[in-house]
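Note that chain A is present in both complexes that follow, paired respectively with chain B and with chain C.
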Partner chain A sequence: MANARIAIRLAWRNVWRNTRRTVLTLLTILVGSAMIILMNAFAKGGHDQMIEDAVASNTGHIQVHEKGYWENRTIDYALKPDGALLDSLGKDARVRGASMRIHADGLLSFGNTTAGAMIQGVDPEAEKSVSTLHSSVLPGGRYLSPDDRKSIVMGETLAKNLGARTGSVVALISQGFDGSIAAEKLTVAGIFRSGNPEYDMALVLMPLAQADETFTMVGYVHSITLRLASPSDTAAVKALIAQKTDPRGIEVMGWDELMPELVQFIVMDDVSCYIFDFILFMVVAFGILNTIQMSVFERTREFGVMLSIGTTPGQVVAMVLVESFFIALLGIALGCAAGWGLSYYFQVNPIDYSDYAKEMAVWGVTTVTYPADATALNLSMTALITLALAMMFSVFPARRASRLEPVQAIRQL
Partner chain B sequence: MGLITVRGLVKNYESNGITVRAIRGIDLAIGRGEFSAIAGPSGSGKTTLLNIIGGLDRPTEGRVSVSGTDLGTLSPRELSELRLRRIGFIFQAYNLIPVLTALENVEYVLLLQGVDREERTRRSMAILREVGLEAEAHRVPGKLSGGQQQRVAVGRAIVSEPDIILADEPTANLDQKTGAALLDLMHELNHRRKTTFIFSTHDSMVMERAERLIYLVDGSVDSDRTRGAAHFTRKKPAAAKKRK
Partner chain C sequence: MKIPASIMLAAMTILGLSSRADAVTAREIIEASEGAVRGDTQVSVYAITVKARKWTRTMELKSWEVRSRKKSFAEIYAPAKDAGNRFLLIDQNMRHYVPELQQDIKISPSMMLQAWMGSDFTNDDIVKESSITVDYDHELDGTGTVDGHECYRVVLTPRPEAAVVWGKIVYFARLSDYLPVRQEFYNEHGALKKTLSYGNFAFMGGRTIPTWYKMQTSGREDQYTVMEIRDALFNTPIPDYIFTIQNLTRR
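What follows is the complex of A and B.
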């Protein structure tokens, strides 16, 4: 009890004994931990944004297919939509929208030009609540309307490759669900620019009713794509659907299974982020080690006197540790405040790379705004790790002080 | 019966492969309440002898016992405890913990001993009064003169009411007058409290004030003289005068 009081009193005063050094150490911890927090906030915010953009552009959070569809991606794997399930999902507050889709590969020709296309039959209204393609239609054209039949909307690059424009009539050749030949003449109602090179080069939207007829789907679809209010509900909603459907006939997939490359990219990005975190943590730790080491070294004689008059080595260790605990705690508090403040600023004012959208699209990156998101986990982990490192790195100088030979220590001046 | 008994004491230091024979066989008995000076030229072993008596250093050969306890049988922890409760130390300079006030420096020892707050403050204040530094109680060492700092160190040494106070050249960093006043203070405490004082010195003024003068040369006792109290010219310390 008395020991704790001496250790605390001495430590606190020693913290302020060499103000310049303490301020420098505080700055090291402050800048280091704030940078760690901000960097992780950018990673978190950026990744969430990338997921959100990918999910919103077409993929959705969850897709329900006939078992085997995702592996084979052929027209044969289709399912009959379960009306009761769709109804219950429509009432679920976690589900923002559900869209039934027909998928088929086909050839589009215009004049002498032919190009491969990914046809996606959608209910124009339902699709609006699931994806954002409707909002990327270029001026001069329009998105599909509920009573459209033989109209389509296609990606900008595809249109350019075909030489087609809004109002052009293009020919589609494909294969139907029943194996028959599917052929149709379709009018380009609009051209979209999604920013995703894959979609812009091949994706074609056509009305679900028309797709049903063209591909003789007889009421079957290839996917039910869901958009959720929050990605964190993905697992729960997936489980709910899995429970209500027959796992032998139906596959329910989350965005992470649908976009493994994105997950892989995020994991790799996280790894490089952790490496950088590690370096910053080490800088902070060695900053603390250096300060404590210096201050112990400068006080050799003082520790010698303390030990001579009956202070135990354990008490000396405690004094040094409490001292670095104070410095670390102060630095961490300041660092967390600064890190959170900076992250908040960049959450409200995300970094905007839209000027470089073209260059980034080449790399398959369609996300152009990068907000920061400092989570409680980020803040608390940074604080805890910094504190733990500070204490670990102080043990060495603390023990050194406690093991001084008083006789030798006092001889020094 | 001696409070401190030193028998066949030898201390060698090994440095860079050379053996330095700091103490080459000392036998000594110091009784309770003595006021003794250890004098001798530089390197004669004064500091070494005090450190060994105080349990800060271990002898190469021989035995030291304090109040019948052989220091050689004590563990480092027990030696630390002995220094906390039975022995007070005063060094040449920089005795004090710079971040603590004069009062807190004196209290520090009592804190280590686990004395409760009220008693701690009361006893420490009383001691500061005794060494004439009541007014400076709340100053940190940096704001005290060298002589005042040494008085605080004396206060810290006596506050735990130890049997022995060991002072290694306590006046070496002080001017003549301040040094004499410090010696007078120590002598007065020695008289009043019957605390045994052993101090080392180069200073003839300090030697004159000792009741017993142990003179070391090359790690051996060259002479050991006890003076009659009559030979001692005692002055009232300035601080003590002011108080009355």
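What follows is the complex of A and C.
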């Protein structure tokens, strides 16, 4: 006990005996851990933003379909909405909005031009709490209103390809739920620019009531799309719906199942992030090894004296380890503070790539603002790993100090 | 576009070279078989029944076709909801007249590949059908009994330069008159994707032809498309006005 106290007191004094050396080590740890935290915060914040953008634009956090719809994506797979379920979802505080949708593939024709389109029948009011498309309608046009019937809103690229403008009357042909030919003349009420190339090139929104009639849906819909207040409730709300519906006839899918390509992108991005983490951690570790090693070299004589007057090699090892423990702890505390502070700055002022939106859309990336988000997990994991590495890489210099030959060591300068 | 495709298939499906009884090569079997069910011109009345997951629907159509000039015209007569929809196909350009809209819509070849009326026929089945003799190498692979008919079994593999969707087609044609009995369509991995069966061989329009066609997509046994020829006329002159926009859009 007394030995330990001596080792700790000695170590504490040693830490501050050579301030420059200590500050250098501190800086290595501080900058290293702050950078790791900031990088992970950017990854987390960016990924969350991408998910949020993808979910918010149209997909929603959860979709309920007739079993088999998502695999086949044909008009055949439709369900009769369950009023009781919709009511209970409407009362659930975790659910921000629920929208029933009719989906159909069709051909839109304007003048002598015809283009394929994804028709989406929506309730204009309910849809506003689920998707953000209503806010991307370009000036000159408008979003669907509750009393619209034969009006549509379409993607900008589709409109361009057709040569249609706001006010144009386009012809839709498709197939109805009963196999009949579905045809309708529809007026373009507005044109949206979502930034998502797929939506802009093919998506057409039409009023749910009209879609029900045009496609002879007789009250059936293809999906009930939910937007949640927080994505972290996805699993819980999914389970709740699954419990209230027949799993043989209904599929309940979360955003991760609805957008597997996004999940894959994030996993891939995470892997490259981990590689950078590893490199940064190694830089920090060897920085610590280097400075502790140097300090042990510089203090050869001192260790020689300690060993000659009866300090045991174990006590020397303990002392050096406690020294680096103090430095590491201090460095990590400062590093966490700096990392969190920087992350917070970028959380409030996200990096904005809007100027490069076009170039990024080519890669299918529609998120243009990248906030940072330093989570408790990020901070604690970075702190723990840095501390563990600092201790591991101090063992070699500590053992070196304890194995010095006292007589030779004293003669060294 | 399935409907017109189906029509075309049937349309292509009539006239024939009179069958020859001597020893034949695989290629001759296919040519004779294709020829036996097709005419230079053809006017026919069909019933197409589509069995989907949730519904079964029968449409009745009449079609006119001049093969040599790649022109075909079809009109739906029943059910009432779809009656009056007309299709004009010249080369690969299709126009679809929708009476509800009083408007015709241009449909490019690329758009015809997708399922249109929920049937199991695709335009590709039809358009490529005509090149079955050109785009594939033919190999006679013995004989066998299919649906009670003694048949040649001919294996068709695409020529390297051919732009076709199938990896292999197995074609069964009757020994007696080369009439087709079954076609099996395989993908490039050798998996059976679709089966086209022929039945109800009957004397119609001056020759014996199969009057019943069933296209079955593998793995969806609860869904299929059946096409029945109710009446057919081969090699009668068809007036040019049939294949005009005026005829397509007449009120």
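Throughout what follows, the second predicted complex is superposed on the first by the 412 of 413 C-alpha atoms of A that agree within 3 Å, B and C clash if a C-alpha of one lies under 4 Å from a C-alpha of the other, contacts with A are read in each partner's own complex, and residues count from 1 in each chain.
One rule holds for everything that comes next: contacts are C-beta pairs under 8 Å (C-beta built on N, C-alpha and C of every residue); 3 or more make two chains touch, one makes a residue touch a chain.
Note that the coordinates shown come from a computational prediction; the quantities given were computed from them, not determined experimentally.
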Fit or clash - chain C, chain B, common chain A: fit
Touching partner for A:Asn349 - first (chain B), second (chain C), both, neither: neither
Chain A as apex of chain B and chain C, Cα-centre angle in degrees (nearest 10): 140
Partner chain(s) touched by A:Ser272 [first = chain B, second = chain C, both, neither]: neither
First, second, both or neither for A:Arg5, with chain B first and chain C second: first
First (chain B), second (chain C), both or neither touched by A:Pro406: first
Which superposed partner A:Arg13 touches (first chain B, second chain C, both, neither): first
First (chain B), second (chain C), both or neither touched by A:Ser308: first
Which superposed partner A:Ser135 touches (first chain B, second chain C, both, neither): neither
Lowest inter-chain C-alpha distance for chain C and chain B in the superposed arrangement, angstrom: 74
Chain B and chain C contact sites that coincide on chain A, given as residue numbers: none
Contact footprint of chain C on chain A as seen in their complex: 74, 76-77, 105, 107, 109, 112-114, 116, 171, 173, 175, 177-181, 183-185
Interfacial residue positions of chain B with respect to chain A in the complex: 51, 54, 56-57, 77, 80-81, 83-85, 88-89, 91, 93-100, 104, 108-109, 111-112, 114, 156
Contacting residues of chain C [partner chain A, same complex]: 50, 52-55, 57, 79, 81-82, 85, 96, 98, 100-101, 103, 105-108, 111, 114-118
Residue numbers on chain A that touch chain B, as the complex places them: 2, 5-6, 9-10, 13-14, 17, 301-302, 305-312, 315, 406-407, 410, 413
